[in-house]
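For reference, the structure discussed in these notes is given below.
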Amino acid sequence: MKIGVLVSEGPYTHEAVDSAYNFVKAALAAGHEVPRVFFYHDGVNVSTRLSVPPQDERNIQENWTNLAKEHGVDLVVCIAAAQRRGILDKNEAERQGKDADNIAEGFRISGLGQLIELGIQADRLVTFGD
Amino acid sequence: MKIGVLVSEGPYTHEAVDSAYNFVKAALAAGHEVPRVFFYHDGVNVSTRLSVPPQDERNIQENWTNLAKEHGVDLVVCIAAAQRRGILDKNEAERQGKDADNIAEGFRISGLGQLIELGIQADRLVTFGD
Amino acid sequence: MSDVKKFLYVNRKAPYGTIYALESLEVVLIGAAFEQDVALAFLDDGVFQLTKSQETDGIGCKNFSPTFRALGDYDVTRLYVERESLEERGLTEDDLQEIMYEDEDDDWAEKPSICVISRAEMADVMAEQDVILSF
Amino acid sequence: MSDVKKFLYVNRKAPYGTIYALESLEVVLIGAAFEQDVALAFLDDGVFQLTKSQETDGIGCKNFSPTFRALGDYDVTRLYVERESLEERGLTEDDLQEIMYEDEDDDWAEKPSICVISRAEMADVMAEQDVILSF
Amino acid sequence: MSTLHTVNKSPYMTQSLVSCLNHCKEGDAVLMIEDGIYGGLAGGQMAPIVEEMGKKVSLYVLTPDMAARGVDSSRLLEGIEGVDYTGFVELVTKHDRTQAWL
Amino acid sequence: MSTLHTVNKSPYMTQSLVSCLNHCKEGDAVLMIEDGIYGGLAGGQMAPIVEEMGKKVSLYVLTPDMAARGVDSSRLLEGIEGVDYTGFVELVTKHDRTQAWL
């Protein structure tokens, strides 16, 4: 089955991101397809490569990046939500005249249409938020 | 009177940051001193200079930066909370081996001791959070 | 399965205190371009999103309540509001904005988009969707 | 005013669902170095922070509950827990971790740090503070 | 000695206002801000609880947050006073401490 | 046709579980995750409400979230079933749609 996932809260602050990660791993292990995880609201903050969690804690961004690499899950960060919150890729940083970008490998910034498309194409859509 | 302020939620996501800003402006206008605003939890995300809010919306980071400039308010971002969430200044970025930093002018990163010190020195401490 | 799915946007939170109401509306506007079967549900504190006379200058946030009145132009014409949620909060339909759309199947007659329904009817609406997005 | 102030850390939220409980504890640990008069309050869902046998491997988060047992070493020895909050949740003091400290004024005798008090007593504790930090 | 309590959540969604009122002392003040302002609504299900507590403590609502949400002062419970941010600051200075019910 | 509802908030702090239960249809399932697992506690004030609704819908609790919070399955209301993440995925596939009560 194709299961889409929506993540609506930020890393470390809310368990939603962890629940989504554990859920996606279990879905993949059960042989389902997770074509895309869409990050919205504070969920976009998962994608910053600048986070430095304490050594004895999980690294949420790295976990997702590795998941994308190993299983080809498309990690999409909402552009409108990302801009408000200061998440930029190289192109956006240049376009907006900012001197740095911060998105991590494995994530791509795109529009809300990718969420609607996921809702249309997936058999189920599961939301993790607050 | 010396009034300290603690901000515990992120920009745009929660009104807490706006309430704190409006409160601090009113306190200064009434002749009180606001020696420091301490940003904790997702509040640290206020300090990113990479945010690009829509043109018809307030720019929360710029508002705070201007307030610091005009009134000498000390804007302190908690280092532990900031590292988890990917907020770095130049020094921290170098120390952590990160290729970019994102803190805005007017904010400085420091320890939780600055919050306790504020609690000790201020006549009142007002918290805005979720 | 046909290419058209039933999408329901469920709004349970008050406006301005958090960004969910505003960012929910942004999804609705973008989603309108996909020609799906779209409806919005307002229950619990979500009913506060539709109140009249919102005026946000004093808090410095953007007033997005007029956007609800533009939804008809995007062919989003069904806004279900839960009666019990209104009553619990001491509100009536008169406290809500008037939101109209032009019905192209009825000679462009102006019709109200807001439909106040009971809790049981809201449960029925939810149970017939393909995709439910919660805010 | 003396240099020593009464600080109360008020914990009303459950652990793990959000980071507030963990980051509250981080403030308490740093704050301990400032030699103020410190106490912690646990009420509403905050009482869940102190339950026994927390085991977080299955969700991948750090289990910070053992840190409460180390608070005595930082001279944080007063953890007020509201009885009504426990009762509403079907909990008793037996469901909470045993948290002890050594009383230097009483020949280092081991004493419990947790003090279960009534709601009215909790209101009294709150009303005698200089600084209240809420998480 | 008295406390200014702030509540920023709707009492129709969370326990914060009730928990706050349960811990107030005579002479305290409660200021409802952000989504908390809905606690001041007359006619709602929470009104009787809030009204009862208003006998013990002074109740305030932040007017800019009311205006944002389209709540006119005529909709407030009797005895609740509207204050702007300047009034908020005054309440902070007038009471000995501020406690946020987040 | 049936729905899997997820609830991730404590019913002692917010209205989410009650609101969810008020909108369930016969044959639906409710999965309590994260802080929502406290909704499964026997002996608490919310237990009678949850128990009553359990007659209409199937109630589940996510066991890794229970373990994290030190809640043993012996503390659960009768009739509530524990599932791990694999069970969560199965519930999603078994029901026609998933609705999150955030």
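A, B, C, D, E and F label the chains in the order they appear, each numbered from 1.
Just so we're on the same page, contacts are C-beta pairs under 8 Å (C-beta built on N, C-alpha and C of every residue); 3 or more make two chains touch, one makes a residue touch a chain.
Treat the numbers as computed from the prediction; the structure is a model and nothing was measured.
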Shared touching chains for chain A and chain B? C, D
Work out which chains are contact partners of both chain D and chain F. A, E
Between which chains do we find the greatest number of C-beta pairs in contact? A-B
Tell me, please, which chain's centre (mean of its C-alpha atoms) is farthest from the centre of chain C? D
Longest centre-to-centre distance from chain A, chain (CA-based): E
CA centre of chain A versus CA centre of chain C: separation in Å? 27
Suppose each chain is reduced to the average of its Cα coordinates; what separation in Å results between chain A and chain D? 35
Suppose each chain is reduced to the average of its Cα coordinates; what separation in Å results between chain A and chain E? 38
Residue numbers in chain F touching two or more further chains are 8, 12-13, 15, 34-35, 64-65, 84, 97-98, 100, 102
Multi-chain contacts only, two chains or more: what residues does chain C have there? 16-19, 44, 59, 61, 130-132, 134
On chain A, where are the residues touching two or more other chains? 12-13, 15, 19, 22, 41, 57, 80, 125, 127, 129-130
Using the touch rule from the top of the page, what pairs of chains touch, sorted by label? A-B, A-C, A-D, A-F, B-C, B-D, B-E, C-E, C-F, D-E, D-F, E-F
Inside the complex, what are the residues of chain E that reach chain B? 6, 8, 33-35, 64-65, 84-86, 88-90, 92-93, 97-98, 100, 102
Quick one: in the complex, what on chain C touches chain F? 10, 12, 43-44, 119, 122-124, 126-132, 134-135
Along chain F, where are the residues that touch chain E in the complex? 12-15
Taking the complex as given, what residues does chain B use to touch chain A? 10-13, 41-42, 45, 48-54, 57, 61, 80, 83-88, 92-93, 96, 98, 100-102
Quick one: which bits of chain E touch chain D in the complex? Just the residue numbers, please. 1, 3, 15, 19, 22-25, 97-102
